[in-house]
Every structure is written in C-alpha cells, then in structure tokens.
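Going in written order, the chains are labelled A, B, C, D and E, and every chain counts its residues from 1.
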Amino acid sequence: MNELHRELVNVPPVKLTVENVSKTFHVRRQTVRALENVSLTVQEGEFVCLVGPSGCGKTTLLNIIAGLEQPDSGRVLADGVPVTGPGRDRMVMFQESALFPWLDVLGNVMFGLKLKPNLRHAERREVAKFYLQLVGLEKFVDANIHELSGGMKQRVALARSLAPNPSVLLMDEPFGALDALTREQLYGDIQRIWEKRRKTIVFVTHNVREAACLGDRVMLFSPRPGRIREEFRVELPRPRDINSVELAKHTAEITRALKQHLSSAAEVAE
Amino acid sequence: APVSAQKVVLRVGHFPNVTHAQALVAHQLTRQGRGWFESRLGAEVVIQWFVYNAGPSAMEAIFARSLDLTYVGPNPALNAHIKSRGEEVRVIAGAARGGAALVVRGDGTIRAPADFRGRRIATPQLGNTQDVACRVWLAAQGFRVTQAGGDVQVVPAANPDHLALFQRGDIAAAWTVETWVSMLEEQAGGKVFVEERDAITTVLASSARFLRERRELARRFVMAHVELTAWLAQNPAEAQKLMQAELLAETRREMPADLLSGAWQRLRFTTDISRAELERLVADAQRVGFLPGKADVSRLVEVP
Amino acid sequence: MKRIAAVGGFFVVLILVWEALVRFGVWSPVLVPSPLSVVQYLVRAIADGSLGQAVLVTMRRLLLGYVVGVAAGLPLGLLNARFKFFQDTLGLIALGLQTLPSICWVPLALLWFGQTEAAMLFVVIMGTLWSVLIATDTGVRHVPPIYIRAARTMGSRRLHTWTRVILPASLPFVVSGMKQGWAFAWRSLMAAEVYVTILTGFGLGHLLHYGRELHAMDQVVAVMLVIIAIGLLADKALFSPWERFLHQRWGTAK
Amino acid sequence: MKRIAAVGGFFVVLILVWEALVRFGVWSPVLVPSPLSVVQYLVRAIADGSLGQAVLVTMRRLLLGYVVGVAAGLPLGLLNARFKFFQDTLGLIALGLQTLPSICWVPLALLWFGQTEAAMLFVVIMGTLWSVLIATDTGVRHVPPIYIRAARTMGSRRLHTWTRVILPASLPFVVSGMKQGWAFAWRSLMAAEVYVTILTGFGLGHLLHYGRELHAMDQVVAVMLVIIAIGLLADKALFSPWERFLHQRWGTAK
Amino acid sequence: MNELHRELVNVPPVKLTVENVSKTFHVRRQTVRALENVSLTVQEGEFVCLVGPSGCGKTTLLNIIAGLEQPDSGRVLADGVPVTGPGRDRMVMFQESALFPWLDVLGNVMFGLKLKPNLRHAERREVAKFYLQLVGLEKFVDANIHELSGGMKQRVALARSLAPNPSVLLMDEPFGALDALTREQLYGDIQRIWEKRRKTIVFVTHNVREAACLGDRVMLFSPRPGRIREEFRVELPRPRDINSVELAKHTAEITRALKQHLSSAAEVAE
C-alpha cells in the first residue's frame, strides 16, 4: 500500500523554461521555419494556453517540450534540468486518435503504469481505476475504445495521461474534435482536476474562447515563422463558465489581437 | 489440315508406350504419309491421332465425345463401361498381352511375399490394369489394402517416376509394364518377382456411339488392326524402328534399342479377346473395391 | 422461422430434382453423380477410415506448413518495414514470389526434397510466407505514428514498442494477410496433392484425383464437399476468433 | 542514387554467386539451373516462338474466363444484396464454393467439356465468380445509407440509384474482390495447365510441366520467371488504374 | 439561356405545416416514441432552428418533412399540399459524410442537376459553378472530396443542396463536426446566402448558441417522447456575430430553459 500511496499523492508541479528554441523542417527541398527563437516560462502549477492559427508551430513546440522532437537550437529546462527525451514526468495528451484500439479502457490507462517498475499488478489496477473514477468513467473500465463517444475517449486519454502521475501535462487540442456540449462538460472537469491534482499544464488550441476559459495566461502564436506575439493574463475566478459574459469580453479582446497579427503577417508575406 | 465435307474423320487415341505397338507403328506411318489404316479404309477416311498418358483421360475423351477409338488397358475400359452403366464404351478387339511384372529391388529385402508387409509398391495409376492386378495379388497373399493405406501401401505414381523412386529406395517394388520393367531391371538392378505372361495388357476400345453410327467403318478398322498385329509378329525389327521414331516424336526422348527389344520379348501381340477373361478382371476390380458390387458386362465386348 | 423453412425447402427441392434427373437418365451418372450415391460414398469412406486418414494427412501438411510460413513471414515482414535495405531487396523478391502461384514450385520442390512431405510443406510455406510478409510490412507502415509517440511518452522503448504497440496496431493487416496466405496455401496444397503422388501419405487431393481416375463421380463430388466443409470450418476455427476480436476491439466491419 | 546502386549491387552479387555455385559444382545443375542457362533457354524459347505462343494461350484463357466471371459475379452479387431469398440460397452456395480451391473443379470440368478450352475457362470462371459475387454483395451492404437518402432527396430512383450510387459506392469492395478473384483464377489456371493436357493449346503451365518431365530445370525456372513477370504486369495493367482512381477519389491507402 | 435563367432566379419560398405528427420506432421488441403529436408552422422564407439533446427526434422530424420517412399519424403540408415522398423542392443537407466520394466537387453538385430534365449539359455546369462560387469554392471544382477540409465539405454539400433550386432547405446539424473557427465563417456564409436566395430553412442543431445566432425562431425539443416544449423568437439584426454579447444573453436564456426541461424530463423518468 505504500507504493500505491506514493502513486496517488500529488507530485510537486514543475517549472518549465523554453529558451530561444528554433526548429526548421525540410520537406522535398522546401524549408518550413516552424519555430523561431521562442522563449517561454511556465511557473509551477500554472495553466498556460497557446493559441494560434493552423500551422503556426504550436504542436512543434509542445513536442519539443515533451522531448519527442529535438530543437535545432535553444533548449528546454524542466525544473532547471535540460530535457533530452520523453519522460514520464511530462505526459502528452493528443487529439482523439492516440488511444490504442487493441486495448480496452483499463488497458489503455494501464499501459503507462505497466512501464513503471516497483508497482504490483493489483496496485496498478487500483491507480488506473482511481483516475478513471476521477474522469467519471468508472463504469466503462472494460469498454472498447470504439464504443466510446468522442468526449469519453478524451476522458480516457486524460486518465491515461494522469495515471503515471506526471508533474507536467502537455495537451494538444484535446477537445478539437468534440461537439460544443461535450466540450463544455470537459472544461468543467479539467478545471476541477487541475485544482485537485495541481499540475503544470501547457494547453494548445485554436479556439480563443477555450483558451480564455482555461488558461491563467494565453500566449498568442503567429505563423511563418512561428513566434509568440502577445500574452494575455486572464484573471477570472474559477471555475469559469464558457458562456459567461466576462469571458466573452476577454475572448473578443484576444480575437481582435489575433486577427490583427494575422493580417499583419499576411501583409508581410505579400 | 482442313478436312473437306465428304471426308470421315476417325479420332484414335493411344499412349506413348511399347504396349501400344500397333498404334505407335500406325501413327508413325501416318506421319510418314503411308498410313496403315488410311490405305485400308479408303481415301475418304482421315485418321487423327491423339496421345494420352493415362487410361482415364482417354476414357473421359470418349465420354466427352472427342474420341472414337482408343488403345487402352482393359481395366480403364471396363471401369468406364460400368460407371456409365454400359452406355458409352465397348471393347472391340484385343491388342497386347503380357509385359507386366512385379519388380523388386535387387538388394534382397524382399524374398517372400510376406516381406511386403509395411512396404510400398508403386503402380502406374490407380485402378489401371497393373494396379488392380497388384492389389488382387496382394489380397491373395493375405494383405489388406485400401485406396489410402493398408498393410502394404500401393502407391500409384507416374511410370517415369518409378526409376528414381526405386533407385532411392523409396519403394520396395513396382508392379509395372514394359518398357519400365526392363528399365528397372537394367538400370536399377531390379528383379522380376511375379510375371503374368498371359494377362491382357492392351485392348482396342470404341465409343458405343461410334459403333452404333459407323459399324461398318469400325469393322474395317478392326480388320486392319488384326492385319497390323500379324505384321508386327513377322517384322519385329522394322516395327521396333518405327516405334522408336514415334516415341521420340511424342516424348522427345530417345528410346534405347536394346531396351525396346528387351521389352518386346515379354510382350505378345494378339487380337484375341474373350468376355470370360474380362469378367474375371471385373471380379478382380470388385474385390479390391474399385467397382460397385453389381456390374453388368454383358454388352462390354462387341466385335463388329 | 418462415425464412428458414423457405430456404430449407429450396435446398431439399434442389437435391430432389438433381436426384431425379440422374435417376431418369437425363444426366449421365458419369457426368453427374446422384446425391444418394455421394452420400453412400461418404458413408463408406468414413466407415473404412480412408476419408479420415486423408483428412488427417492433408490437415497435417497444411497446418504445419502454414505455421512455419507465418512464423517466418511475421519477423521478415517486420525487418522489411524496419530496414530500407531489406525492403529494397527482400521486399522486391517477396512481391514477385507472391504473384507466383505456389503450384509452380512443385517441380523444384520434388527435385529438392523428393516425393516426400517436405516437398508438400515447401509448397504450402511458399503459399503462406509472402502474403504474411507483405501484409505485416504494410501493416507496420500503416501504424499511425501518433500511437508510437504516445507510447514513447509513457516510457515505451524499442522492443517494448515493437511488441506492445506496432505489432498489435498492425493486427488488422496481419490478420488479413494471414487469411490470404491461408487461402493460397490451401489452394496450392490441393493442387499439389492432385498433381503429384507423395509416398508418405494420401491426402484429400489424392482422393479427388483417384475419383477421377476411377470415373467415380460420387467420390469426386463427395471429396469436394469435404474440402468445402474443411475450408469453412478452418475459416471458423482459425480466423473467426481473430476477426471477432478485431471487430469487438477495433469496431471494424465483420 | 546510392540506394539504387546498393540494391542493384545486391542482385548482381546474388546472381553471380548463384552462377558460381552451379559452375563449380556445389549445386548440381539438375537441382538448380545456372542463371546463364536460364537466360539461354529464354532467348531460345522467345526466338522459336514457343514461349510467346504459350503466353498467348494462357493469357487468352485467363482473360476470357476472368471477364466472364466478373460479368456474372457483379449482377449476381447485386441480386444477392437486394433479395433476401437469393442471399439465403445463392449466397450460401457462394460462400461454400469460394472456399473450394477451383482446381477441384478440374475432374468435373474435363468430363463436362472434354479436354478443351471450355474446361480451362470453367476452372478460371469458378476461381473468379464467387470472389466477385461475395465482394459485390459485401460492398453493397456497406454502402452508407445516407448516400442513398441523399440521392433520393435529389430525385434519384431505382435503377438510377443502383447504377449511379450503390455500385460506385461499393467500388472499393468490388475492386478488392476482383483482385482476389484474379489471384485465385491465375493460380487455378496454372495448376490446371500443369495438371491436365489440353488438346487445343499449350500454355505456360504445360511448358513448366514439360520442363519437369524433361528434367530441364533451366526451362522450369525460366517459365517461373515469366509467370512472375506476367503476374506483376497484369497487376499493373489491370488493377493499378483502378487503385489509383480509388486512391485519388476516396483517399484510401494505396 | 432561358432555362438557365429560370434555374438561377429565386423560387418563391414555401410555407411548411407540420400537423400532429407522431412516429414510433420498433427495434427488437423495444418501442421508441421518437415524436409525439408535434405541430409546427414555418412561414415562407423563415429560418427556424430546432434545438434539443441527442435522441429527442430532431432528425426524425426533419426526415418526415423531407418525405424520407412516413409519420405514423399526422401529416406535413408544403404550401398546403401534403408531402408524400422526397422532392427536389425540399433539399436536405446532412452531416459531413453524405457527399459522394466517387465524384469530384463538380460531380457532386451536378448529381442533382443531372436528374432535372430540360437542362442542357453546359447549362448544368453553369448552374453548378454558380453555386460553387456562391459558397466560395470556385477554385475547387475539380478537387476530390477527401482532399477538402471539413468546412469545405459542408460548403460543397450546401452548394449541392442549393443547386436544384429548392424552396425549402432542411439542414441536419450541418456544422456539428466542424471546429469553432470554421463554424464561425459558415455562420456568416449561411446568413448571407439565406438573405440572397430567400429559402424557407429548418435547421437542426444541439448547439444553443448556433441556434440563437441563425434562427428567426428557436424551437426547443425534449426527448422521450419527442415534443416541442418551448419557442423563442430571436429578434437581433443580421448578420449576427456568434461572439456578440447580446447573443450570449439569448443563449443563456435558452440554455436555462433547456436544462430545466431536461431535469424535469429526468424527474418524470425516475
């Protein structure tokens, strides 16, 4: 029970530092400057949202923080230690399709836990069930992935990311493919879980309202080359309602800035 | 060659075997433009020769109406006759006897019939004359033999394969027919263990329909066949030369002359045929389970 | 209920008409055997054990060759997917040999192995191997990279990723390749058994061939029925469980 | 460039080693022909026309039988998908006959049609028909009903819906069924040609068979190479255009 | 050119009357009362939105209006004439997957036109291109369906529905699977096209904000049995912005009513 206990207590959140990261892709003689000199600091336990249009390098930045890709220059520090590869302290949650269809719900959540030594099988089950309960799917332990709705799938993915008890959660448009009603529910859930388990979260989206609803800070990206253009601090009380009028004001402000950056980027391009 | 409307086409089958000597000689003469049958049947008759490598396919050709006459072993003929309830096939003359033998390996593993237990014997083809003879003989020695196994395994395998099987020791013996008997003796040190000198080896069979519709032609063909058979007995050297040429043309392989003359010694070319003999063969085939219990062979032999 | 009755009725009438056509001589029994004689042959052949023996021999060859083929095809397919050089050489050879009907191997197999089981196994393996190899290769190539990245963030590495992520993720392809391999192996084994005599045992193909040799159409048709039954059963026993699993887990169409 | 060189090098070395092994007697030429002798046979057989003739005979049989099989399989598949009764009767029969290796039809085909082209065609048709029938049936069943409803609101009715909506919508299934049918037909034709002599023409299978009979391994291997080449070419010529179309239009994986 | 002209002018919009329509489905001994005594009148050229949770019978009602399904009792009148089957005067636009993948963009839009007699081929092409231009896809005439983004697909579907020049447009959650940014654009487009071509539109959604943004009236459905519970009139000027504050107010009001009906329905069920 000792190991199990250690699994279920909160790990201290971690401070992320992105220092002058650049990344270029070469595809068939074309060169895409996905990131250029991006710097960013995420405080311990902070919820930061990255917003920007398609193709501006949000996913690339997230992958570099996760250690799934290496930057061309610059570096990423997690609590002062340079990131060299993926690690269980920084879990990533992708869009819909990253759940493994050959495993059932429990199997998916257990996948990461099985890779943790010094846990017994029963303990792993218990941890997995704990997180499935946290996302409200305790009744769907044995369900197959394709039987779940989009929202349920993302709940499972969330549980899977939480299960290895990482200190950082990196989320790449996790709700992009969901309908509005489901999304609203998940906004509530993610805020509740974040308050409870206190993680450092970097959340990518291109939905401005979503970013304003969830983030402590919203970072605005613009493309070609991918850069952080502006930063907004959202200081509304939590939990925030996506339909609230104050949120609409913040959203309008950020949207205005976004459009301005886009049109200026377009001008530069011309 | 195109055939004009008045001409009668006679489609005759045979195998590229020494046991089909009449056909080999006549086929070769046809090739040389001095056809034996053509010259005796009249100018309006055209002979088309078809070469089969086994009895069943020749019989199938008769079923399928693509053959009128064929040289064939007696068993395939009577098998076809009975399976078609006597509707399709007739035997109209004898052609050859003897030439079949059970050859064992010369290494002394087989000294007495009892030594065959648990061994393999090759035969040329399931249900053919030698195959039935082999099974009957084995049954007479007290062995139980089925299509797929038994005390002694009878393995139908193509004649050309026998030599290699024999040499490698994969089979203990082969019940086969000339020229393979001689070949096994000469090239693999085989010894003849059983020889049935008087067994019917080849007959001339006809489609019942042909017999019905062109009886006169069939009669004249049989007469020419009898004449040819007599000629063979008198001119073995020339006959063998013609056969050698024909076998080369059909199999693209040279048949050594000594092998041919060796085989000739064991064969007897005769046109005799009797219903009693064929009925005995039917009884044999029934005994080894290749024919149903009730078989009417009253119409099998029909000499036109 | 009504539907079952209608269908049952259809088949009963079909068989009765067939029997009548043969019995009244419209169809010659050398061309088409009567259903009754087919049943009689089956009863006889089951009773004297020759059918059971033949089924055993055939199934042993098929299963053994198939297992070897799959066991070789899977890892070779993985190698193919993993290394460019394999793909450029072995992959090319596999592509060619997959289109080669494996009956064409018979002459060489007989020379190399003699008229033995090994020759039959070789033909079956050639029928299975390339389909499985190519399907595994394709399957691995189709694994969404996101699965691999997700696994990596959870700490999966090398062998673990191959066995726990890539292989299961390519299962739908692998299973369909195994199915194709089975179909080819089954067909080529039948053809080989019909075509050559093997000293070490008589399979269903031989029985079929003998049926032809003896003009015993009842035997031919009965053996065909047995071959169909085995084909359907094998499909049920070998692939249905996998397909059910795929259907349940992936939600792919049955 | 470097990659092509490496691969080319690999195959050149492979052939040289093979030639050397035969020439220095490590491999007996009766068991494995030398590459040179294979090439020599090919040159000879092309020059004297026997290879061209055999290819022609085989391809004529294959294409004719295949076209007939597809032409029959498509409408029967549609009927099957449309009428419950067909599905319960013909569908059941199709399921059985699809698992039957079509070489098993040879004895009956020879009896029914004699040793003629028709027998070969029958075997090829039996290899094609059932696969196409079943694939068409499955394809139609998998057409999303929403396509049909969309078409209906736009005024499409009965025959128009079948030919303009249901048939094209099931194309991916139909094409894969046609591909399977082709593979089965090709395999069974080879087996049939090897196994029986047809009086009306000598195909590639016969050449292979004669190669074995004459212990001419160069001929056997050369004919195998020709068979592979034809298989690959046919695949390219017959199915690549369809698959490219499917790939372009549907965006399905190649 | 005369026929072509007749094709491209506005047809007069039609008044729809749904009278006491009921529909029950029987699936494996279960009975689902999809619609119970639903009555509804849609004025000529009116834009009516149906909102309600999943499974409340919205699609069923739309199908009955389209003539794709028959009601158990009650009837539907289009300009006083009873509806007996599908007709080109009432076109349906479904969710994403109803475009034909075996045809290119032009082929899809032409499909319905080809079924109209007395048009020449060149005229049909012209009509199709006119509508593709209307939805802003004139450059994608030859594109394959799978190459389009979700938003572009729905634009093609819209063009396909408009091409036979129906007087009624029935839209079943046409934007359900799209992301927020794309959706916003389409809200603008559909309002613009509606103003131009003046159709009678019935629009199904379960997104309340969407309904409030598009509809003249919003009808609230509640499930089991499917019934219209309440009706809201939205009298904001057009074009309406989905992010506007006034819209947020309407949305909040309708959402409140919806939640109330849902909970009361839940109580009844218990």
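One rule holds for everything that comes next: a contact is a pair of C-beta atoms (placed from the backbone, for glycine too) under 8 Å apart; a residue touches a chain by one contact, two chains touch by 3 or more.
Computed from a predicted structure; not experimentally measured.
Engineer: By number of C-beta pairs in contact, which two chains lead?
Structural biologist: Among the chain pairs, C-D has the highest number of C-beta contacts.
Engineer: Which is it for copies chain C and chain D: same residues on both faces, with over half shared, or different residues?
Structural biologist: Both copies, chain C as well as chain D, present the same residues to each other, with over half of the numbers appearing on both sides.
Engineer: For chain A, which other chain has the most distant CA centre?
Structural biologist: Chain centre farthest from chain A's centre: B.
Engineer: Could you work out how far the Cα centre of chain A sits from that of chain B, in whole Å?
Structural biologist: Comparing mean C-alpha positions, chain B is 85 Å from chain A.
Engineer: With chain centres defined as C-alpha means, what is the inter-centre distance between chain A and chain D in Å?
Structural biologist: 51
Engineer: For chain C and chain D, let me know how many angstrom lie between their CA-based centres, rounded off.
Structural biologist: 17
Engineer: Send over the residues of chain D in touch with two or more other chains.
Structural biologist: Residues 110-112 of chain D touch two or more partner chains.
Engineer: For chain B, give me the residues that contact two or more of the other chains.
Structural biologist: 60, 63
Engineer: Name the residues of chain A that each touch 2 or more other chains.
Structural biologist: none
Engineer: Any two chains that touch count here, so list every such pair.
Structural biologist: Taking the chains two at a time, the touching pairs are A-C, A-E, B-C, B-D, C-D, D-E.
Engineer: Which positions of chain C touch chain B when the two form their complex?
Structural biologist: Within the complex, chain C touches chain B at residues 28-31, 48-50, 53-54, 57, 114-115, 197, 199, 202, 206-207, 209-210, 212-217.
Engineer: For the complex, which residues does chain D have touching chain E?
Structural biologist: Contacts found on chain D: 144, 146-147, 149-156, 160, 164-165, 168-169, 171, 248-251.
Engineer: For the complex, which residues does chain E have touching chain D?
Structural biologist: 63, 66, 68, 86-88, 90-92, 94, 97-98, 100-104, 111-112, 115-116, 144-147, 160, 164
Engineer: Which bits of chain E are touching chain A when the two form their complex?
Structural biologist: 53, 176-177, 179-181, 206-207, 209-210, 243, 245, 248-249, 251-252, 255
Engineer: Applying the document's contact rule, which stretches of chain C touch chain D when the two form their complex?
Structural biologist: Going through chain C, the ones touching chain D are 3, 6-7, 10-11, 30-31, 84-85, 88-89, 92, 95-97, 99-108, 110-112, 142, 180, 183-184, 186-188, 190-191, 194-195, 208-209, 211-212, 217, 220-221, 223-224, 227-228, 231-232, 235, 253.
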